[in-house]
């Protein structure tokens, strides 16, 4: 407790997002504030909103939800009319398989997100904000609600915040179990009380979003990084990471490693280091076979690629995959890629929203083709059909779900074709469920 | 998303009405949003808190209450995995069957639980205690294989653990 | 006011209104763009992914239905990339389609069939179990739903949401289990439009169901005479009869739609009870009679004509010309108002298709078209007179018409000039004389806006129908 | 008009008309004699003796039936569409079985108009109509030449009135419906 009273800022320099996580009870506003929380919010109210936007832009912070679009640039598209009705949405619907960083962040330290959102709201001039949290995270929603209540009681939210004449209301909105609501326009549809089907773009949400009004959607991690950036400046943030991928990133690591969990490392850290140093190496000392580097929609890396890749947006992309949400699933040599393929395809079949035809029919068919072995109709040519079908789904739909289903399928076929061929030619007796 | 013919509607055989407390909560929800429709998801969650699932009567009630066409509510219910328009048990158990959890036996646990409780997807056990639902990623891969018993995450579990935990449920 | 822009479509210069829909602009300029979900009368859904185009300077193909025309755009939809995309997307459309074209009424005018011939991948790779949905559902208002044939273009749900605002239809579930579902039953008065806008055979008409194959039918473009709105319609017919009425896009009057009442206006035209030849009342039974006997009967007697409001301007003119110089008195029978004056979409309570045209013709000929005029003529009828009644083609309120018939009973010779079938109340008449129905004559009517609407003649189902002026001439015999 | 035309001018020039007459009669005489003394005659004592044509013969139509004995025809009208003689008249109606959905209530072929081209057989997507090797078509009045679906499917000559069953493609189609 002593250390906290002294405003222990030692960790700030090691972490941006997890800098408070070692402090017990930091989910309480009081503890958080004693450790230096909400300071930046107060300081920012004296700054020009445009200046805040500039700092965020200069920091090179990229959207942490998966696409990696620079947050500052996205903010630049947003209307500058401060009187216009507009919304700030926090995307906490992390449903990409393998991802649990936002849950961890919100659970341990909801206030860092709230602080980040208030600063962002001030910068963007939004009067209302919603934290869209996935339905399964009921407990985390409760934690957030409690934190919001504390912030309201302190006058950090609501009307005329700290006497600055700025109004910002923030609410938690629970989803109800649909992967597609993690897509920003799907989330907006869901918030509007409809099916969470993505909307046609253009118009983009920054122009016409929730209820047809300008809406800014940012990931939890992006918003939570804002207070740190404001505290230490863009240059300090850029010291982390690579030239194009600045800052630190939360990685959710699961699978065959000794210590699965969330870590925060600068972008550009090698995957080898993440596995060997931060995650305590492979489970049972097994040999690594493959890694899913950015959630289930990212094509897999084989053994060699895994050990040579640096985890930043560019390097992962140059090796034919994507950093995505930073969900690393590690598979060791005992795992079968066929199973991974089956689970992945089942997932996308289940989660396709059913709006665009290529995705609606394609995701189901990919699964059927891959499961032909269950009905005894499999042939080696099926892998080609699968590859061709997956390729024909890409870039054809409103949102990226079809791509998300097609990319890992194509990736696995590229890297592990012979294994998949062997897999589909193995008959099963699981024809009936 | 329940896997029955969409034309079937399930009735609970009695009219539905929010409790006074929930009606107050509903009013509070309305203040959060700039239009009534946006409150639909929270309201449906609220109905499920009250009676666990969404019978036809509840759909009609919400439709009148919020002035949203019934079909729109049905669309929403059918779209989301966590809204049930079929009767479910007192306790909702979600078993994750996504990649990491499947790697560590999530599917076997789900199959084992179905067998142990002699039930099927969402169908409540005979004593009405438990409904099992196979879920895609619950977002807790570090505790794979994981389960969600009502609102609590548990994991890693094995089948014996899971059965023990579920047997303890009221 | 509207600013025109020039753009290039597949290398051809086309002109369009700035900011207008790109897909519509292409279609208006006669370009072929495959599409299912786009409908000019509905909002943009962008879900069928068939209308993809490439634009110079834009890295990814995009759906043309969600784009607007701008100056100097260079658009192509004939590149190999787009062709492959359309082929693949069509393959996905057909993946879970039941392929029951032999029993499907849409066959012959089906979007899937048409595009399959153009963009099909003719070797099927689909050997997997298809997703099955409910077939043969009667969802009310003469509409049949087959969820399996549906390609989920969402035109129908958008129609009930945006046009009728009745919200009966929705798409339940997600992924490939998504399925069009009706909440209870259809309850709007425009439900048959769903059949028209469905690009495949998912929504078919119960009225038309299995009656004919569409390739046996020819269309005659004409105007609906169901009410004073005067919607542009086309009637599908062949030598065996007429089978259905569909709306034709007309910006000034009905847009894309028509009401359900108008769908049945064709029924009397080729009905088996259609009056074919001049008939005589033999103790309540109408038997074919010689026309010359009628002429004999009416010669030298005072004629009283009671005209209906469903004749064309030209017919009125010819009729008044034919009785010129005679002492015949003429009155106009106006149909009573039915339902609300205007239902907010198209349908109007005033069911007189050509009231304005009739009034004008009456005034020009110096006759009184008011109800007072009608009463005057009716009261003046004496036992020695001949009363001719032109029976209204579409009769919503038979009771009202019967009260009129009551009043002509005092005339010794009562003759009906009827295009329609014989009503039970027609026993009042001594003779029935056939006149052409609205589908068998060319001419114009004037609708509620005062605009001229064209009637066109299709096939004739009445053997010896004669123009009304033919009978008018008898007054001078 | 009226111009003389001599085909085998050289023959005629050498032999006159007698040579031609002789050649013609020779063929007749050979056939006559061989028919009298040999027994491989082409003619049959019809109707006591009858020809049996191969199954490829295009004779009187048959409507095949399903395993349950109902007509296979779904009344898609493709046969009547393609029929060059326009002799097929089908009236369709709803079937109570949702799987069948559409079935003919009347199926008539005007035999006098039919040209036995076999297009109907080829157009049929469900193997519901075939041309058989029955060639005996006769009738007294016009009505007898209109074959209705009882005649076409269940006449005595077809398995004693039980009709010809067809299951072509059924397995393939049902397999996908499993």
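Order of writing sets the labels: A, B, C and D. Residues in every chain begin at 1.
Everything below uses one rule, namely that a residue touches a chain if its C-beta (ideal position, glycine included) is under 8 Å from a C-beta of that chain, and two chains touch if they have at least 3 such contacts.
None of these values were measured; they are calculated from a predicted model.
Engineer: Expressed in steps between touching chains, what is the minimal separation of subunit B and subunit D?
Structural biologist: Tracing touching chains, the least step count from subunit B to subunit D comes to 2.
Engineer: If you take the mean of the Cα atoms for each chain, which one ends up farthest from subunit B?
Structural biologist: D
Engineer: Centre to centre, by mean C-alpha position, how many angstrom separate subunit A and subunit D?
Structural biologist: Comparing mean C-alpha positions, subunit D is 72 Å from subunit A.
Engineer: Quick one: report the Å distance separating subunit B from subunit C, using the average Cα coordinate of each chain.
Structural biologist: 48
Engineer: Which whole number of Å gives the spacing of the CA centres of subunit C and subunit D?
Structural biologist: Centres of subunit C and subunit D (C-alpha means) sit 44 Å apart.
Engineer: Just curious, how far off is subunit C from subunit A if you go by their C-alpha centres, in Å?
Structural biologist: 54
Engineer: Of all the residues in subunit B, which ones touch at least 2 other chains?
Structural biologist: Residues 72, 75, 79 of subunit B each touch two or more of the other chains.
Engineer: Pull out every residue in subunit A that's touching 2 or more other chains.
Structural biologist: 178, 195, 350-351, 353
Engineer: Pull out every residue in subunit C that's touching 2 or more other chains.
Structural biologist: Residues 127, 129, 171, 173-174, 177 of subunit C touch two or more partner chains.
Engineer: How do the chains pair up in terms of touching? List each pair.
Structural biologist: Between chains, contact exists in these pairs: A-B, A-C, B-C, C-D.
Engineer: Touching subunit C in the complex: which residues of subunit A?
Structural biologist: 178, 180, 195, 200, 202, 349-358, 360-365, 368-369, 372, 375, 377, 385, 392-393, 395-398
Engineer: Show which residues of subunit D lie in contact with subunit C when the two form their complex.
Structural biologist: Touching subunit C: residues 74-78, 81, 92-94, 98, 100-102, 125-126, 176-178 of subunit D.
Engineer: Within their complex, state which residues of subunit C touch subunit B.
Structural biologist: 134, 137, 167-174, 177, 179, 181-183
Engineer: Please output the residues of subunit C touching subunit A within their complex, sorted ascending.
Structural biologist: Touching subunit A from subunit C are residues 44-49, 52, 60-61, 63, 66, 84-85, 88-89, 91-93, 95-96, 125-129, 131, 151-152, 171, 173-178.
Engineer: Using the touch definition from the top, list the residues of subunit B that touch subunit A in their complex.
Structural biologist: The touching residues are 32, 34-35, 37-42, 44-45, 68, 72, 75-76, 79-83, 94, 97-100, 102-103, 135-142, 144, 148, 151-153.
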